[in-house]
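In what follows, chain A forms one complex with chain B and a second complex with chain C.
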Partner chain A sequence: MQFDFIHKETWLHKINPSFKLIVILVLFIMVLFIHNINIMMNYMVVILFMFLLFSGQPAKRVILILIPVLFMFITTAIPMIFFGKGDTTWFGWGLIHITEESFFRGIHVGLRALIFTGLGIIFALTTRPVFLFYSLMQQLKIPSKYAYSFLAGLRLIPIMIEEFQTIRYAMKVRGVQHKRGMKGFYEVLRKYSIPMLSQSIRRAHRVAVAMEAKRFSQVKNRTYYYKITFSWNDIMFVLYFLILLSAAYFISVQYPYFAITDVRYK
Partner chain B sequence: MSKGLKLTDILVTFVIAIVFGIVYQLWTPFYEFLGGLGLHIDQLSYGMWFIAATVAYLIIRKPGVALLAELAAASGSLILGSPYGVELLIYGFLQGLFAELVFFAVRYKRYDILVVSLAGAASAAASLLFDWYKGYIGDLEAWNLALMIGFRTISAIVICGVFAYFLVKALEATGVTNLVRPASKEDYDALDK
Partner chain C sequence: MSHIANVENLRLKFAGSSSLLFKDVSSSFFEGEKVLILGPSGCGKSTLLQVLSGLIPHAIEVPIKADHITTPESWGYVFQDPDTQFCMPYVDEEIAFVLENLQTPRSEMQDKIQQYLDLVHLELDDIHTLIHTLSGGMKQRLAIASVMALQPDVLFLDEPTAMLDPESTKQIWDTIKEVARDKTVVVVEHKIDHVLDFIERIILFNEEGEIIADGSKDYIMTTYKQQLMDQGIWYPGVWKDYIKKEQKTTPIVPNKDHELISVSEFTGYRGKFPKIEIEDTTVFPGEWIAIIGENGAGKSTLLHSLMQLIKTTGDYKVDGRSVDKVKKLTNDLAFVFQNPEFQFVTNSVYDEIAYSLQIDKLDQQTIDEKVTTFLNEFRLKEQKEQHPYQLSMGQKRRLSVAAAIIKEQKIVLLDEPTFGQDAKNTFKILELIEHWRKQGTSVFMVTHSMEIVKYFSTRVWLIEEGKLTFDGKAEQLFKEI
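Coming up: the complex of A and B.
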């Protein structure tokens, strides 16, 4: 099993993974300080643009990814729209109280979640975990016992999936019937989770023992099979956000869509 | 006995975290479905997001494991392409850290249901703290905010406290925990007999 969702390589795939992670974290923190819905909307467009053009995914999969994301946008925005504080009432029915302020705040919160999703999915779709962990060891000096352990853990996922199937078939072939309701739910959970967890822990323990038996050590000058370096793509990545986000900011200040500059309740 | 985490501890922690990383992926549609029902019903399932920390702590019983597990579970979800994206890293870090602080407060000596429930509640507090900045939950109507905090805390205590405790109890019966736990005082006493 391959641990990447790569369809077509784009320049995003060639960026140094640690660098990409840091830039994305900086962008993420930036979003937390945006309270103006106009800037948020343009920011969103910049991220969406990158996802649609450079993620290297076929159109069908892009749509498949966007459906749950849109649903998440709605479930994030609705509570704030319905139950947020505000003074200019648009609609009121029982507990639901939609106001102008709460509506825009809800949309703002939803957009923020969408941007986080966009950044996360761009990262997940364009980064090979193996290269990410090699880069973390080489550029960010993460101790090798953490990086290799995580990689080994990821490699166990296909075995876990296979095991899950085995347990399912074993129960099916024996005609196990599950009870309904909360108790039945707990029973199902227990029947799957205990064997899965115990086998996974045993396997992890064996892998660790084997690694140590083969002299896995943490020497300072260890050599790496993959050398992860920097390239012009890294600069391009920063320039993309620098230029387009500045433009996004400028446009939202000069030509705002709404007169609201701060969605927080005063 | 050396202090700190050995390769075995780290690998086992990560594998537990990855198992829960997958569980989180399966939990996501369920949580989103509940979210569609409104009135913060989804918060009753929120406690699942903190379970990696308490389960890892109960199994391995060493300092740092809770934080590492929660962070790794969040990173795993991110790598697997969770729809929540980068915010997971911050949630994972804060939730793990707050749970870890509870275990630190008991000096990593207690493994009972009360301590893990407290750790779950602490993780819930951490997530609420971040939601305060991210989701402006302070701008919700007061009754609604109280409902949200109440539901989330209850679910954290039920899932990360009670459920995690009984899950690990059942795991202990398989004998697998003996592989990874440090030798306790009783083990040494047993040798002297």
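Coming up: the complex of A and C.
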């Protein structure tokens, strides 16, 4: 069971992980202040472009990832389109009330969700957890005990997946039949979670003791196996967004797709 | 000679238990000594090791009281479970973790990692290999390598081979003997075949956590043999003594007139890949088939295929009926997993055994009678109200077997049921299974133990690279090898 999703390394993989994290957080916050749907659409194109070209994933997997992302978009947009406030009615049926305003606001909210997930996926696909935590320790000076506890936890995930499979077989062998409905769901949850939790707690405790046995403590001058540094790729990363997002803004002001500049309902 | 580690009048009690685990235990260990600590499961051997290393109370908070404790300045600790010793995903990163803790300069790390891997003969094409892909034996080797990186004076070994097959066990001990020659070594171990020629002194505990003997290897092994037997220690010759005591004879298959299982062109798949293939074979009532082979050869996969847990193709008949036509396979086949805890689904020993019968909606009186019989037979009567997780290792194992075969299925599949069990429990389980076999149950048992093959099985299947390459009697197999 492999827990790294890296297929091919691109320049995105070589960016300092802490730096990448901060830039993406800034981009997240920026998105919250955009109310012009034209800018939002171009913004989305910039992110999509990066994901399609530089994620380093095979085409098949890229498409596979897009399916749930699209689902996210639809499920975020639809409630707002159907039930949002607005004056220019397009369609009305019972509780559903689609207006021009609610439609565009829905699309806008959907796009926002899309950008959030897009950036998140780009980060996840191009960052090795080990490098991220090494970088957090080296650049952002987070205490090593937190970094290593996350790394140790990460190692347990594939073990838990195997365990889940074993329990599934065991249930089948014992002839466990699940009841339908809420009660049945609770039963299933209980039967899986108790053995898995008990094993995980025990395992976590053992790993912790093993780490102490290897003299893990918070020494001041800890040396690092991986030295995480900055490079030209970091500058590239900032320039990419700086240039393309400026262009996105410029285009949406000069050549807007829609006349709406603020989707908020007044 | 000065002592390198010692405890004087140690008292220790775990939260929740009513009595002290240790009451005034004293012992000293000297430089360069190789000591083996023996005792029944649950007597506190591992706990003592943790006290001697200082893990208790520094890493594990347990209230202790002692007149005097000396812990060695530099020590290494190898644990039992290969899966819970590592905190990093890759081999090189794991050893680097130790080097980082010791503040080794980065420039020296690469060489040192290679050096320690060479020391334990862990040969990898690339040191940047996922730990998860290694076998149990390789993982324990890595554990030793990372402990050696600490450059310890004292090595504490807490049943380092408890979860390994006989072949890996031997290799691990060969490695330990090589790397620990000039170190002080304190070992806790049940399987002592390979340990005996390495150690000099034995400390023997009883069930109450008291030291009953402490002396040279030869003295203990001759004077306290009965205690070793009673405690279920895997001392050399334990099998011979058992066979002599029980006057066990070669098992005979009662009748061969009725085909219980027959397969032909049978293939089991993991995902899209065929992982086990059997051309053609038939199994009769009262046969005990020992399934042997290397790790990853496909032994468990074969059991999963027979149980229809994974996709299979080909012809597979159970009791004359094609397997697709059988509505509830669990009425004919019982399955016992390697780790008993995973198959427990209820909150008490009683309910656990009754579970399958309750699903079949039998009336309460029938269930009660049957469960009581089983509780007696598997000696779990006293524990019937307890939660399955609260049982001891041996009890858990017995419960898992009892719960699986309560419907008195004609076919029982067992995946290494004696794994990690002490000698006493192992013999008990084997006796129970033998009892069922004599009544006409067919037994399929994955095992690494050649003694089980020799003394208990009526037939052996050797699996090599996903194929059944030998099918016959044990004597034939031993002749061919």
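Points to keep in mind about this one:
Rule of thumb we're sticking to: the second predicted complex is superposed on the first by the 264 of 266 C-alpha atoms of A that agree within 3 Å, B and C clash if a C-alpha of one lies under 4 Å from a C-alpha of the other, contacts with A are read in each partner's own complex, and residues count from 1 in each chain.
FYI, a residue touches a chain if its C-beta (ideal position, glycine included) is under 8 Å from a C-beta of that chain, and two chains touch if they have at least 3 such contacts.
If you're wondering where the values come from, they're calculated on a predicted model, not measured in any experiment.
In the superposition on chain A, A:Ala170 makes contact with chain C only, while chain B stays out of contact range. In the superposition on chain A, contact of A:Ala259 is made with neither chain B nor chain C. Within the superposed three-chain model, A:Val130 lies in touch with chain C and out of touch with chain B [touch as defined at top].
In the superposition on chain A, A:Lys227 contacts chain C only, with no contact to chain B.
Of the two partner chains placed by the overlay, only chain B lies in contact with A:Gly118; chain C stays clear of it.
Applying the stated contact rule after C-alpha superposition, one finds that A:Met182 touches neither chain B nor chain C.
Of the two partner chains placed by the overlay, neither chain B nor chain C lies in contact with A:Ala59.
Ranked by how many residues of chain A each touches, chain B and chain C are led by B. Under the contact criterion defined above, the residues of chain A that touch both chain B in one complex and chain C in the other are 3, 152, 154, 198, 203, 207-209, 211-212, 216.
The part of chain C that touches chain A in the complex is made up of residues 50, 53, 55, 58-60, 76-77, 79, 81, 83-90, 92-93, 96-106, 109, 130-132, 146-147, 150, 304, 307, 309, 328, 330, 334-335, 337, 339, 341-345, 355-356, 359, 389, 403-404. Listing the residues of chain B that touch chain A in their complex gives 6-8, 10-12, 14-19, 22, 28-29, 32, 35-36, 38-40, 42, 59, 72, 75-76, 78-90, 133-136, 139-141, 144, 148, 167, 170-171, 174, 176-177, 179-180. By the touch rule above, chain A contacts chain C in their complex via residues 1-4, 130, 148, 151-152, 154-155, 158-159, 163, 166-167, 169-177, 191, 195, 198-199, 203, 206-217, 219, 221-225, 227.
The touching residues of chain A, when paired with chain B in their complex, are 3, 5, 24-25, 28, 32, 65, 68-69, 71-72, 74-76, 78-80, 82-85, 95, 97, 102, 105, 108-109, 112-113, 116-121, 123-125, 127, 129, 132, 145-146, 149-150, 152-154, 156-157, 160, 190, 193-194, 196-198, 200-205, 207-209, 211-212, 216, 263-265.
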